[in-house]
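Everything below concerns the one structure shown next.
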């Protein structure tokens, strides 16, 4: 049987494909473009911040840059990337299924994403957006920029996110192979499943609140405009009802990748499979109860401050459970060290430091000083961006042989990984200190005493960018010229490795019958 | 899912229609009853909930739905409640 | 120790009475989290090195056949210890943090009140004696100060890093922030909520002065422009504002019942609301009643007052509040008497939106 | 139940379950789309209780109640159509679908009459609101929410009508029949959801003043 890559080489065969793997590759291309675009905006911001006074841009262009950096990175890269690329490619394979449950919907999701992304980027043409990715009313409703276009774009991208989530939930419920009990599902599947729940429940609320901001902006509806009797704080409630869970939409799939990588390369069972699986679902639900911690200084009621404060502490416990379980998984394993493991180590470092600073900012009184300063910027970049980016790259390397049937160059990969991780740490550690010193975020100009930390941060960003460029170059090169890979080069027990490399259109030659767990290294590869 | 066990009988549809119309009439009538504003609102919303339950259970055949489908329905409803309560809690205690 | 840690963490100077307390919690939390995070990262690194596959072969450690290469799970006592400890630590932080938060947010009684307006892209301040300043806030040292803040346009946020205070400044609402600066000095004010192209230039300065110098400074300032240069205090200016803006068509100052609640003895009183609750008539209530009168309606009065959102400057609002406050000890003629329930109320047409802007 | 089982499914029953589950999840997210508006309504009603009451009294109870009855009956007819397709009674099913669509149109027409009446009184959403009888922020907010919620609901009705038209066409051409009627089933579920949302909108905007 021919591989999915070889079955039809025309452009058309790719664009109208219903094969989950090809859709995954399409999403890989689209989200990588988004990463590059968002990265360019990030560098523009860092260049401007080299000096305390305006240098390259005026204030409006600067505000547009960080808004588009945020919007592109959050809605076009981090939210969709791991579910739509690796979830699409590997979720059905991990379940032993020939495809997702609703393949046409899957393709539709891709085109809806493209449509939304196009509308979102069209807003650049119409004058950009300068409201920050949070679109806070009433600034967003009075801003002279193309707010309505941008929020409509985000709304459309949200539809794509809902469709993907819906598809994955249905797939997990109805497409498991024979013998695949719930507690035999790979941990990546659990993570994607939990993510899908959040996507389906939270995204509509974001979509609605953004539409309302768009309506306020375009037609003067005044739902959030105090001059017309609206309450701007309500927008923040609705926005964070989605956007706090959205943090978990970004990080849960990354946690799924961690579980796969750490088990495969330590050739060990997870220290507690159930703890990881159940904490994914726990995060999905408790994550909905913490949105108010973004609003401690907004004038929210004292009751809400207390309640959201303590609930935020509980959600940290679930993450802590995962971290400890991963570390314990290494214990007495048989560890192969390579690029995915280096990224795993980078993830642990960034996630633990970022997570701990998260507990710190969730402490109500400390948040007064840190709120809306660079401390918060550094915190969420460490945990959310660092977590997602390192695990996106780890997944690119870990599954590269299965996806393309070739190997990547290990030496270059390690160099790239070191550059990315060090660059990341150098970019954002100074920002923690800037936040402590009191520098507010979204500042085009700043007082001179903050300058040298900003220069360090920009230097770090340069290293990070170089690392990403190196990685992109050798990975693209390896797709066409890499050494041929076998079916299971890592000696994994994951079910996706049972398929031929690269997999044929419907994944498995014969239907899988599962008789062992996904991390049973004492069992032979084929049960 | 076989036909006989998984769909409502004709009679149940008609009974549902009749009770929905009756509840609508009741709700309409209660509008003119001299209840306090708060109580009247609660009664009207209570009746609406019963009506939606009838639509869901009979017309939408939730009675015969699988466990995942029921879980989906319940989860979504409780999240609507969560959102409304969360917002009201802030405004009510500000 | 305090100063050393403060410099290590790049924290700004501790120029308010609460800064030291907040920083102590800050050190506690940051030190514990950094130690914990380092420990986890170190363990990960140690395990990666110690259990590397090639060492495995050297030592030919036979894998546990029953469990594959597994360790047989984490002992339960260790799990309980780690998560129980972690949870108690988090809850401890929450308890300390929330108590501090409540203390930092609720102003103590009898503070000096200064009225703050945020607008794109400037801070303006109005003082009780009728003085006004732009960009520079003068406060006396050693005396608690409450800022009553509102915004003319979009949300801003008032942040003084040296004081460790921050609060959003929301249009249509009054928020407060309080602090006490023990010593004279100058400190940055930043806006921390994105408010447009001038966001990063919306800075100001707090100048803390010794008490007598403060008085002298205020004398030298311009008066609040409330249309009356002779007004001797903000309250006196507020009285004129009340007359000019038509407040006295429905409200009275001597306790006589009229269409709206009387101003006499209103400040600090407990107001019964339409719908059963009650509220204390403090700065927030009075301000929001000007902006959004129907939201919390005094029981027994008709919802006939128009909104003054966008019509009154912060100084005018401050003046009105100070005026009402100056009448707090005037006796009401008939306390809590219901207003005349008339339908021919001589009102007061709602203003058109263009006029509001 | 279905003629065709897609390659990814091992059995028709699995496929049917998958499609149904997917539809329910979709309905759930539709519900959460409205949830934000219900949340806003809750808050603003707490804030502007009296003005909301006045707004509710201003709305035309009779038209709103008629619409409730219209939608409930249409929900029944679409369920009855499904019932008849399962019984292989194509003519009854077609008649029921026709009635459903007529009732749906009637709903929109009545809604339009109401809107027209409101427009004539200067009751517009947001800053366009010029009604002097009910001045104030609360009344404006009430009618803004009224337009947003009933408007979003009306958009869903239009979507539902399009789906019904397509399904009717399929029943007409016998592509939807006793063996294969998933699309009718899903369309009916959607119609019931839209009906359910109106069942809540009715007391909120017409009844509980």
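Going in written order, the chains are labelled A, B, C and D, and every chain counts its residues from 1.
Going forward, a residue touches a chain if its C-beta (ideal position, glycine included) is under 8 Å from a C-beta of that chain, and two chains touch if they have at least 3 such contacts.
Computed from a prediction, not measured in an experiment: that's the story for all the values here.
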| item | value |
| --- | --- |
| Interface with more contacting C-beta pairs, comparing B-D to C-D | B-D |
| Per-chain CA centroid nearest to the all-protein CA mean | A |
| Chain B and chain D, separation of their C-alpha mean positions in angstrom | 14 |
| Centroid spacing, where centroids are CA-atom means, of chain C and chain D in whole angstrom | 43 |
| Distance between the centres, which are taken as Cα means, of chain B and chain A, whole angstrom | 37 |
| Averaged-CA centre spacing for the pair chain C and chain B, given as whole angstrom | 42 |
| Residue numbers of chain B (touch at least two other chains) | 68, 75-76, 79, 83, 86-87, 91-92 |
| Sequence positions of chain C contacting 2 or more other chains | 292, 307, 353 |
| Contacts with 2+ other chains: residues of chain D | 17, 21, 25, 28-29, 32, 34-36, 39-40, 43, 47-49, 127, 136-138 |
| All pairs of touching chains, each written as two labels joined by a dash | A-B, A-C, A-D, B-D, C-D |
| Footprint of chain C on chain A - complex, ascending | 58-60, 63, 130-132, 136, 138-139, 142-143, 226-229, 231-233, 266-269, 271-272, 296-299, 302, 305-306, 309-310, 313, 316-317, 320-321, 323-328, 330-337, 341, 345, 348-349, 352-353, 355-357, 359-360, 362-366, 368-369, 371-373, 433-434, 436-438, 440-447, 453, 519-523 |
| Residues of chain B defined as touching chain D within the complex | 1, 3, 7-8, 10, 13, 16-17, 20-21, 24, 27-28, 31, 37, 40-41, 44-45, 47-48, 51-52, 55-56, 58-60, 65-66, 68-69, 72-73, 75-77, 79-80, 83-84, 86-88, 91-92 |
| Residues of chain B defined as touching chain A within the complex | 68, 75-76, 79, 82-83, 86-87, 89-94 |
| Touching residues on chain A, where the partner in the complex is chain B | 173, 197, 201, 205, 231, 233-234, 237-238, 241, 288-289, 291-292, 299-304, 307 |
| Chain D residues touching chain C - in the complex, by the definition given at the top | 47-51, 127, 132, 135-138 |
